[in-house]
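Provided herewith is a single structure, encoded as structure tokens, for subsequent inquiry.
Order as written gives the chain letters A, B and C; numbering starts at 1 within each chain.
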Amino acid sequence: MTFQMAIASSDSRATQTRTLCLLLLVATSLAAPFFIYPLFLTKILCFVLFASALNLVLGYAGLLSLGHAAFFGGAAYVAAHSAKVWGFPFELAILTAVSFATLLGLVFGFLAIRLHGIYFAMVTLALAQMIYFLAVQMPLTGGEDGITAVPSGKLLGLIDLSNSLAMYYVVLLFVAFGMFMIWRTVHSPFGHVLAAIKENEVRATSLGLQPSRYRLIAFTLSAALSGLAGALKAIAFQVASLLDVTWHMSGEVVLMTLIGGMGTLIGPAIGATFVVALEHYLSTSGLPISFIIGVIFMLCVMLFRKGIYGELREWYLRRLVRET
Amino acid sequence: MIEIFGIPVAVLGGQILLGLINGSFYALLSLGLAIIFGMLNVINFAHGAFYMLGGFATWILFTYFGIGYWPGLLFAPFVAGSIGALMERLLLRRLYNVDHLYSLLFTFGAALALEGLFRHHFGSAGKPYPLPGELSGGYNLGFMFLPLYRAWVIIIALLVCFGTWFAIERTRLGAYLRAATENPSLVQAFGINVPLLLTLTYAFCVGLAGFTGALAAPIYQVSPGMGANLIIIVFAVVVIGGMGSILGTILTGLSLGVIEALTKVFFPTASAITVFIIMILVLMLRPTGLFGRER
Amino acid sequence: MGSEVKPVQLEVFDLHAWYGESHILHGMSLTVRRGEIVTLLGRNGAGKTTTMRAIMGILRKREGTIRYEGGDLIPLPPHKVARLGIGYVPEERGIFSSLTVEENLLLPPVIGPGGMTIEEIYDLFPNLAGRGRTPGTRLSGGEQQMLSIARILRTGANFILLDEPTEGLAPVIVDQIAASLRILKERGFTILLVEQNLHFASAIADRHYVVEQGCVVDEVANHALAENMDRLNSYLSV
């Protein structure tokens, strides 16, 4: 039995498995805060969204962006500032932050989108570093200290968000919405065109498509969702700091996507969970975090390029082929 | 006191000097980056880490073995080059056949790992490195004071840059390199051991970075993070210069160092992002860079 | 016509080769004796260039036997194959744009004795003389082809893989190249030639192999060409 036949015949079984997994996921995410510290889970959620947003350009559009921290951290600052200094209510702060991230994404994208592969990566990195330097120097951002004591406010004026359990469920809602948007985008005609462009840009162009335009849209959407993740994180943890805009952060989110599985929907979520949990564990152990993350990065690139989910899926499919 | 645009000449002179130093560092580092990218198609994110390795090699040599600056200047590129050669031969080489994304991510991980290791072991604080006796002091030029070490750094950096240019453009070995950049399999079919050539090229380029780190030690101190933020500016320098010509890369590095320094005098708050703003302007007008060629 | 049979210099037996998943060579077999000029004839896509690249070691995914002067070539990387005395003139000529004509000429290192001197090369290809400082790719197609052959002659290689030297060239240039190849044959070079131009091949070669779908389907001695013309044309027609 060939690979393709294995995939086809397992389709109905796969859909069943997938639906089961989805239900399991929903149940777990609803019940989790009663077993694990809600604030920790909220952090995981934010990075799940961030990594999934990056995956939209990295895994699906085939663009390596090394500057996504600019959207994440930048939106964090905007959300924090608008909530604390301008007194925006929760929803408005989030909206303002996401708008900022979208606009920034459009600008970065416009400058970089016609460049290819390596050049694109370098330019996004440099642009994000510019944001970092601005964040260091501008009084608005509080420099080395960042913005602290951000009020979490109330959702719709009713639900008090300083309650970490309530905050968790609100963030869960937003993240679920974000993931839904990504899922819809990938499986839409737009998403199919994007996949075609990624696979063979020359052929796509000869068919009359304009790759730059599609990539720009994907990039901007990715920036917007990254901004959503950053804004949520700022409000949930009531702080926005320089750590959110460093190139370390940009690199880490790429690692999350890579470790989990680029170009799959669930991969980045797995990767994000893995990395956040690992860092949490390492931070209390006295071991050098950067060093270990760096080594994991190198190991992953050399040996596990498909990521956790990717390798698992391949192993599962190979088993199917062998079974018959 | 003479003033130009309201700035005392001494201050201006001192800033331009600093700009030339930074510029020569930019030139040395972007040269290595550009060659590695041209020949191996790898964005060597670890370049900053090798710069840091060179600085630390020379500091360790002095602090633990009492061996001074001049041997250090040879030791640093040797250490950086050897580690680079090992890394290329054993690990990086396996990624040439896969998407170039992965070699970038690999070197990124290597940079994180090296930086993290050194930070864990040596702490984040900068470690001072003394000026070599022969190069301390300076000349009074009348309108400003010229520290001897700074003059030395600029001169040796320029010598090394132009030496590299000469080696690549005017020698047989350089011809092998240029040909291998265009068509590596054909060059190998002529009897030239191209894989070995790639390893040596990588080792040489990161050795250049290590050498720069040793040069920087007495000026900027030695710290695990010394390469990290610098390397991103160097990336921007490479994007601005384009990767089409060696001389172009050198010139771009030098000029940007000077421009950045002058900006610090006239628009201090914007100085850190000068290079990035120039990069944005260049990208809008000439996407392949000032001296770039369509690849 | 000597009665002694010259020794076999290159032997290819049951060679299979792949580009990725594509199985291109299906049991390719041929021999070339010292001092011969042997052609591989065939349509586009028959596997002639692939055979060259497989012999040279540029194409790595191979199974079968390739023996050069008794030694197995398959485990060797391309630069070691070259150093055994095999020179490669690729179909695309491979003149480097970032090198001058002189640098292009001097690029392949001398790998053995008996290579031609620069003067001898300029005698053979007068078009190249005096163009030393020109960037390589500024030469015309014919001149680039001459340069591509010339640089191999300096190295001391005596077995030359020559891939479609006359493609796209004017008849005058083609004649020049034919003349130079005849001189090379007199000097004892062995040449394995890929050609689609039957007229050119018949002017210089001793034997012809017909390649179709990755293996040899026929072999014709040059003196027997006339009788077999119809059969050959059916192999080569599109």
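Going forward, contacts are C-beta pairs under 8 Å (C-beta built on N, C-alpha and C of every residue); 3 or more make two chains touch, one makes a residue touch a chain.
Note that the coordinates shown come from a computational prediction; the quantities given were computed from them, not determined experimentally.
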If we define chain centres by averaging CA atoms, which chain lands farthest from chain C? Would you check? A
Maximum inter-chain contact count - chain pair: A-B
Geometric centre: closest chain by C-alpha means: B
Centre distance in Å when chain A and chain C are each reduced to the mean of their C-alpha atoms: 55
Per the C-alpha centroid definition, the whole-Å distance linking chain A and chain B comes out as 33
Measure off the straight-line distance from the CA centroid of chain B to the CA centroid of chain C, and report it in whole Å. 45
Using the touch definition from the top, list the residues of chain A that touch chain B in their complex. 64, 111-112, 114-115, 117-119, 121-123, 125-127, 129-130, 133-134, 136-137, 247-248, 251, 254-255, 258, 288-298, 300-302, 305
Note: in the complex, chain C contacts chain B through residues 56-58, 77-79, 81-83, 88, 90, 94, 96-99, 103, 106-109, 111, 155
Residue numbers on chain B that touch chain C, as the complex places them: 172, 175-176, 178-179, 181-183, 185-195
Chain A partner contacts - residues on chain B that touch it in the complex: 37, 41, 43, 91, 94-95, 98, 100-102, 104-106, 108-117, 119-120, 228-229, 232-233, 235-236, 238-239, 269, 272-273, 276-277, 279-280, 283-284, 287
